[in-house]
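The next block holds one structure in the form of structure tokens; read it before the comments.
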């Protein structure tokens, strides 16, 4: 247990150190850095939606709405006369999104499947339309010139925290309760699991991290507009999750990386960019119907056998 | 009439049947007994074309049906009553029966057969407009058999028709099987209730983890001490 | 030093608003081809590095960053829309590379929202929303003698909301009354319910700051509901499709502000229209004209910039200064002066549709 | 221990249970039999809170559980298996069992996120407990198999293990022997007796296999058309003419 | 009052458009439980094919409509074969992603081939306005056509599914694919037919909508597609009359909200109402709330 923890820890630190050094010597330029940010944002969004869709099996299409809440919270609070510290606004953004998750989750999570999808889609859109009509929030033109409050180190730490927290939840009795709901709600209830509670909990935690992603976005990209958080953004996040493999956190991470890189590479082909992108989506799904990793996780113990450990 | 020659069947990487051979003569009742997961249902599914064997061949009345689709196999006269009844739950009893005759074009013949099924299962006639999903287990079993008969099969494959039924219905179902057979339909029957199955069958096969280990006259098999111990409860 | 001058293009070429970006690119390419054929700028040809931002604001910043850091362009042309431009502006400021939008009309594109300071590297070559909104409000009040107006706008578009806001301000200040404010969202095709609502309010005019797709539908559906009052719009109306969609018999009593009039007898305008038709086999619209002007605009600035090709950062500064000093640049869409807020001061025209034909009505200077 | 009092359940027009009274004494094994569609499973569903009765009352240890939610019923100490197997199919055998420990878990969400000592200790304990349970049922060797890949009979057994893992006082088994051959059924009977003693259980059992019911039940309730038509010791029920007519039939086949 | 009637007419017209697309959506869903996100884009392709037939081949409305329906039927079958069939045994949501892929593909291919700019659909039918209540209520002849055609198609589709042999096969396939095979039903062909019919319907919808609004563009299917999906779910997904009812409800709700409330919040209020109704009726307007038999 201890040994494995140490190895993971060292790997994470190593990644951080290597990337930081590469940035210092200019191998990683600002363009790559920006795309690294996008990758990390997509990881946070994908992993958090995976908790709702993949682990708990609740078909949510409203993730962009939660992201919007975080994004606007930070945008507003860091542009006040007396701005709040950036990281405090990130926390507030996450918490507000979580609160919304609670308010939305309680009534709608009794719906199932596509009915739930429509209801969450609806709530995502409601959030967006409301923001769009609040002049204080810039209405349709959004908020620009948001101070930059976060750089590579902050991004990295927040991403690692998100992944670790969600993994730790999944690999606990609470995570197993959520998975049981996905597998068979009636059986889960019969085994003593308060399904409503855990559905709402998963929804709130997912919303929390989506809010954080929104905050971080505001604090690094400097401009937000309600449009950015529409239904299609939710679809984009869903694609990350399904492509990586429903329920697989490492899958979401890999798929966030792959999709972001593909998108960046396709910038060179303006005319056919989206055609290629759509074909890639289709082809990946045809060859890996369960997603890149299925429901499996990449585990160190499989790569480095001497670490042993359980399965 | 039916000849299965050394088939190997896989589910993905898992092999479920190992070089299984089996024969059914016209007019017979043949039963297949074996423990859970031995591969009985798999064999029936392979015969009716739901799964394909990797090697080996299956002949029905001298036609090679190994690579034929379910549709063609049904057309040739094989009907399969699957494990767990599999009636169409949101259709009425009547619609279920009509679907049994899906490939037939002789309206008059269908009408006659429908009448015959209702005569055999008066209970179904009473419930002909009820949705199949709301029938009780026994009624669903009758419907599944009736539906299979609607295609006028030469060979009827039955997969555990007595599962989950009340004792009184078990007796009833076996009676019906016997009757259908005596009217000219050949039957291949799978049963956990080996006792009953052996008592109505002409011949029997015993299957263990995907391999046929024993075959012969039903009476002889029933008397075999090994079989007695393993399948008849001592 | 290289043989070409690299200029980046960051436009909406796919997805939601590709129709604007694609048209601008057509105009822009036409202009740059002409310039290069005539020998380019100072003996060097202009090389466009064209990237698609897929109508996505994040991607607009991503593309701008790439053009600035990787492709090492001297300046970036585009994006077309205000939101994408504001997002790309973050990169422009960070990497000190000038960006020029041909059509981002939101007032705050070139100035910092909070400090009110001009963004050093952000420019545009079109007039902004407040100008157009004022122009149309004054036109309604003074020329049409309207006392009341209803507004239909796209709540998801900053362009539409910007015009709406400014029209309302000027119109009410001038003693007019806004009797209805109705919103819809992009992609809407059916306006009958809001029109029915407006019909009851009997306004003297309808102001619809929308793009041509919606404009045609609004005119048609209003007339079908028996509403014959004047319908006013902004430059979004300036496309032949408006008439095609509304139908000739309905395209009456419609007035809009535009960058130029295709009826303008000015040789520059007619020449452009002919060249465009020749190359692309369709009529140009306002976006195409704006894209075309942008090509000559950047060439003009490059000529005056005294580029030394010693360091890209220094050349960018020189180019920026040259853009800031643009005076009396003559384009198809009018004469452009860049003011201290990096906005283009240019004239607008008001066009009337009569039986589907564009008629020049008025010319208005800033 | 469990008292079902005058319970009636309607589905639209169908009366699934009509004024049913059932009494389960602590420490006993009670059988519930009756023709298909008689309402046996419905009784289980009412007890476990999946359906609410239209009228009547269910008491457990003198505590009214009529309108309790399913998970609350489980928390109070009643666990069940399902007639149509409802395992968590895509999960390992071990995880199927561990899920059932959830209601007794003592750490909270923050312990889990921060991996505190308390969390680690309890997880290790649960792991051990699950393995021990599986050993009893001879499923230990298959603990890492996915539940869906087990043969039918073992799936039924796993359902029982999973129910046991919630540490119930009352266990409801719905046709545990369905789809098993006589040999397997025999083993199952022994197993049920064994766990009853080992875990100090009370058991209510639905089964169509008379050899099971007659051998291990102390008392049998017979349902027909939603009504209790007979109650009593196995021998009495077996010879009750109403039960024979409605359910048992005239015994063996007499053809050939 | 007259305003209300006018608004109701507006709403029903808009609802017809939603319903028309929702029918195909629900039909495909009913059989293979797939949210066919590309449906809205087949609708767009249908409009373009008719547009091409009319403007370049100078065909009349009817031949253009028929060609477009046949073309889209084939397109639908092709999409099913290549993008959905290989995923039939995979999680439902995987096919949803390929559906999104197909949708993006069709949109962007059309943008590439025909340009992103919108096209004007030629006027092919004579329009007539009927003035009721002293001219206070206007009904357009196209609105009447649209409504009648939608209702007729719904009835036709319902008849096909309920009463014909192929319809029965479709229902059998939707309830139990393997059991359907055992009845001798060719499952692949049946699903193919379903897509063909659904896509032909979408094409008809595209042509009608193109005619009604006389404008088409490569993204015209996105919003109506989304709305139709919502309408189909709202009516009880998989239920044919439900799709129509859902479409009309959505159209009327949207119209009344913007007509009597605030148009700014139209979508938000419409969604809120939908969610409220769904919470009260969790399987849609016509969906039977079948409690799973345990």
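A, B, C, D and E label the chains in the order they appear, each numbered from 1.
Everything below uses one rule, namely that a contact is a pair of C-beta atoms (placed from the backbone, for glycine too) under 8 Å apart; a residue touches a chain by one contact, two chains touch by 3 or more.
What you see is a predicted model, and the numbers here were worked out from it, not measured in a lab.
Visitor: If every step must land on a chain the current one touches, say how few steps get you from chain A to chain B.
Guide: Minimum step count, chain A to chain B: 2.
Visitor: Keeping to the contact definition above, tell me which chains border both chain C and chain E.
Guide: A
Visitor: Go through A-D and B-E and name the pair with more C-beta contacts between its chains.
Guide: Counting C-beta pairs in contact for A-D and B-E gives the edge to A-D.
Visitor: How many Å are there between the centre of chain B and the centre of chain D, using C-alpha atoms for each centre?
Guide: Chain B and chain D have C-alpha centres separated by 31 Å.
Visitor: Roughly how many whole angstrom separate the Cα centroids of chain B and chain C?
Guide: 74
Visitor: Any idea how many Å lie between the Cα centroids of chain C and chain D?
Guide: Inter-chain centre distance comes to 72 Å.
Visitor: On chain E, where are the residues touching two or more other chains?
Guide: Residue numbers touching two or more other chains: 108, 111, 264, 267, 294.
Visitor: Touching at least two other chains at once: which residues of chain A meet that condition?
Guide: 129, 133, 186, 271, 273-274
Visitor: Would you pick out the residues of chain B that each touch at least 2 other chains?
Guide: none
Visitor: Name the touching chain pairs, would you?
Guide: Those chain pairs satisfying the definition are A-C, A-D, A-E, B-D, B-E, C-E, D-E.
Visitor: Which chain E residues qualify as touching chain D in the complex?
Guide: Residues 291, 294.
Visitor: Which of the residues in chain A come into contact with chain E in the complex?
Guide: 53, 59, 107-108, 110-112, 114-115, 117-119, 121-123, 125-126, 129-130, 133, 186, 231, 235, 238-239, 242-243, 246, 271-275, 277-279, 281-282, 285-286, 289-291
Visitor: For chain E, which residues are in contact with chain C within the complex?
Guide: Residues in contact with chain C: 3, 6-7, 10-11, 13-14, 17, 108, 111, 115-118, 120, 123, 129, 131, 135, 138, 140, 209, 213-215, 217, 219-220, 222-223, 254-256, 258-260, 262-264, 266-267.
Visitor: What part of chain C is in contact with chain E in the complex they form?
Guide: 14-16, 18-19, 21-23, 155, 182-185, 187-190, 192-194, 196-197, 199-200, 213, 216-217, 220, 224-226, 241, 244-245, 247
Visitor: Tell me, which parts of chain C touch chain A in their complex?
Guide: Where chain C meets chain A, its residues are 13-15, 50-52, 54, 56-59, 61-63, 65-66, 69-70, 82-83, 86-87, 89-90, 94-95, 106, 108, 112-115, 155-158, 160-162.
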